Amino acid sequence: MSQPINVTIWNEYRHEKKNDKVASVYPNGMHAAIAEGLDVAANVKIATLDDPEHGLTEEVLNGTDVLIWWGHVAHDEVRDEIVERVHQRVLKGMGLIVLHSGHFSKIFKKLMGTSCDLKWREADEKERIWVVNPAHPIAEGIGEYFELPQEEMYGEHFDIPQPDELVMVSWFEGGEVFRSGCCYSRGAGKVFYFRPGHETYPTYYNPQVRKVISNAVKWAAPVKRDYPRYGNAKPLETIKGSV
Amino acid sequence: MSQPINVTIWNEYRHEKKNDKVASVYPNGMHAAIAEGLDVAANVKIATLDDPEHGLTEEVLNGTDVLIWWGHVAHDEVRDEIVERVHQRVLKGMGLIVLHSGHFSKIFKKLMGTSCDLKWREADEKERIWVVNPAHPIAEGIGEYFELPQEEMYGEHFDIPQPDELVMVSWFEGGEVFRSGCCYSRGAGKVFYFRPGHETYPTYYNPQVRKVISNAVKWAAPVKRDYPRYGNAKPLETIKGSV
Amino acid sequence: MSQPINVTIWNEYRHEKKNDKVASVYPNGMHAAIAEGLDVAANVKIATLDDPEHGLTEEVLNGTDVLIWWGHVAHDEVRDEIVERVHQRVLKGMGLIVLHSGHFSKIFKKLMGTSCDLKWREADEKERIWVVNPAHPIAEGIGEYFELPQEEMYGEHFDIPQPDELVMVSWFEGGEVFRSGCCYSRGAGKVFYFRPGHETYPTYYNPQVRKVISNAVKWAAPVKRDYPRYGNAKPLETIKGSV
Amino acid sequence: MSQPINVTIWNEYRHEKKNDKVASVYPNGMHAAIAEGLDVAANVKIATLDDPEHGLTEEVLNGTDVLIWWGHVAHDEVRDEIVERVHQRVLKGMGLIVLHSGHFSKIFKKLMGTSCDLKWREADEKERIWVVNPAHPIAEGIGEYFELPQEEMYGEHFDIPQPDELVMVSWFEGGEVFRSGCCYSRGAGKVFYFRPGHETYPTYYNPQVRKVISNAVKWAAPVKRDYPRYGNAKPLETIKGSV
């Protein structure tokens, strides 16, 4: 608990370079705003799509406790062998926090087993995120709700497996609701999906959004124990039939 | 409810043709024993690995309410495009019942998002399956427990997502436990994993095993409703910011 | 499945007798509108607070498969021994559907173990109920969402245990969300909480509300099996230490 | 995280005073062995049944982050108003760890809403506890399984609500299984049920048992946030119908 958590923030990092509006909101990239907002003892690394191996080498992943993922327009450019590598690391214990449009990333779809599809709309509308599980550590320090004055809408049905724990639900001005904070375990790893963060809005500067992500990093940090042994197993007790 | 359920039983159907012991237990194939045991109003079709398109054409799948899956030695021979087709059908509402060694099938791993690995042992040992959710329809007519005098052992850790509903847990003579009856929803479809059924034992003649599978067919039958609409959505309420 | 389900509708039945507005909406009592809306093969009985034993004698409860509960102003008048009796019947397998203000009934609080408190407001506002689990039988025949033009608001945090299965989430005009369709198992029985139904609105005439309740009756009907045996148990296997 | 956790260990403390065998195993009371085993930064208080107010005054409870509960023969002597007080504290955020025969305590039954009944047998038999959720913090540092050479048997069906997270399952020599590590949220508080700990065996000296309890204390510690506001709520958005 007292040791710093090794966090890698993966950002597609395309919008910021091509779109002036996004660049004006996130001049150093969305990853920089996310990193700045982490209120947790952490060693933070940045990895982006255009880095060699997307910045997710075996060495980087093996040294990562929690990986934060933001992607949108270039999901298809993420190479399958890197997705496979991230998948294996999650099953071995690495935490994964998938943000916003990462719902359609290869890694999230692979971990969920569903289409991860949803409704969406870009209309500068208000989002109000309600906490529905006040006992959950990801809700620590979060109000009953918090508001984002302008966000992209994501609406149900969100095609994900039922979360192991549902922590937040969004209300949208245009009439939709959304399961916005969703916890899962996958193998020895934990996965948290968090809805907000459209690239044209300053969402990752919001103190409550930053607190949620910080809480999620702590929650998703690996549990220290030996990885289970699988495969052929000798009996632990005498079997009569085989004597 | 009163209409018959369209059930397709998919069997790899290799052991029965190559192994005398298996052939003596299941002379007409495991699928025949499974079909015979269905105590539900159903139209039953059989599909096997060596059929064209593995017997799982678009037409067959579109006409299937519940697909039962038994595979073991030839998971890799199931073509990826057929797995993709089955996956899409499950998300659209088709029920899927995965039996025993099907835990390692491509379709189950794709739906679960985990390795689906486990411990195993072939030692002619006793399995006792306990019902842990007496309110669940899959437990209808099932005793507190039922026994299989000889089965292959599957032991924890079973690398699956936490079931939405856990219905049965196995005790094994050699000292292991296993989550043996696991319910999931995936998209508009339902998935049930049921542990027993090693090919060298007459498990699919067991009345309680047959009752569980019959109950699962009823439970997994599709819910009749329109498939959700995904993608860009017009607001249902006036959005102030965009006026 | 083909046998009719024995449904008892319990209504507090006070508002209708004392409040002209309610009487004009439900001239024969809310129970009559609920009974009329049941689209399921059922034998329907009515029981009300002012009946002897609140209409819930041992005989009535033993003959009830699914009990529907509507109460509001007189929760405290429900006698504890009757609550205990209903509780025992649920644990033995009877389904229970708790409607709207029944969230504060003694029986629901006893089954949940929490305060069951929530936010509320009477402001003639719009409610839109979204299906978040399209695979669930309670969603059969229900659209992506349905609207109630005027309802009482119930808002999060709703102090209930995390549902085993969450089927619906409400959007409210005034800015709140609510988990509106919640499934639980308790012992051998199933419990469904369904939010809508304030007494001054014609909610129980709404076809989608009626469909949800009808679906819930089918879902909550008891599973036919022997009740588990509890208490001291002889070993099923030889114990070495005790030989 | 860095602040010590305020832990109160509540022990019925009757067996140790009346039964020589128990006294020889736990000469200073079971609470002393449990306290000694806590490997977590904690301020530990002891409270017992025969203390005034069972040692659970308002002051003690308000200063308790996590309450550990062991009771067996005298559940009925725990006064209802103290049970009510503990219940309120759990809903407000206090963690509760219920050990072994505490399954039949008033507070556990009140929080679960079920009978909490089970099968049991005292036969000096072996228990092997398997971890089924390797990602869970309560499994930190725990092997794939651990063994207790002699324990009382508890067997399914265990009449509890389906756990939010199931962490451990027991195998018993006599042929039963049991859900042995069960996580719940109730209001703003978290509840963990942990099976082992019959009074005549040295279970609370076992290093793995102690590790589980220590992990559970950390997991169950309260989340720091304002308690939700319930009751009548003003709208956060303009409601057309009421203008």
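Points worth noting:
Residue numbering begins at 1 within each chain, and the chains themselves are lettered A, B, C and D in the order written.
To be clear about the criterion, a residue touches a chain if its C-beta (ideal position, glycine included) is under 8 Å from a C-beta of that chain, and two chains touch if they have at least 3 such contacts.
Only a predicted model underlies this, so the values are computations on that prediction, with no experimental measurement involved.
Shared contact partners of chain A and chain D, listed by label, are B, C. Comparing chain pairs C-D and B-C, the larger number of C-beta contacts belongs to C-D. Each chain's centre was taken as the mean of its CA atoms, and the one lying most distant from chain A is C. Centre-to-centre spacing of chain A and chain C amounts to 36 Å, using the average Cα coordinate of each chain. Chain B and chain C have CA centres that are 31 Å apart. Counting only residues that touch two or more partner chains, chain B has 128, 131, 133-134, 144, 155-157, 162, 164-165, 173, 175-176, 185-187, 228-229, 236-237. Arrangement of the chains shown, judged by which pairs touch: all-to-all, with no pair of chains left without contact. Of all residues in chain C, only 128, 130-134, 144, 155-158, 162, 165-166, 169-172, 175-177, 179 touch chain A in the complex they form. In the complex of the two chains, the chain B residues touching chain A come out as 91, 110-115, 117-121, 123-126, 149-150, 153, 155-157, 159, 161-162, 164, 173-176, 184-187, 228-237, 239-242.
Against chain C, the residues of chain B that register as touching in their complex are 1-2, 93, 128, 131, 133-137, 139-144, 164-165, 173, 185-190, 218, 223-229, 236-237.
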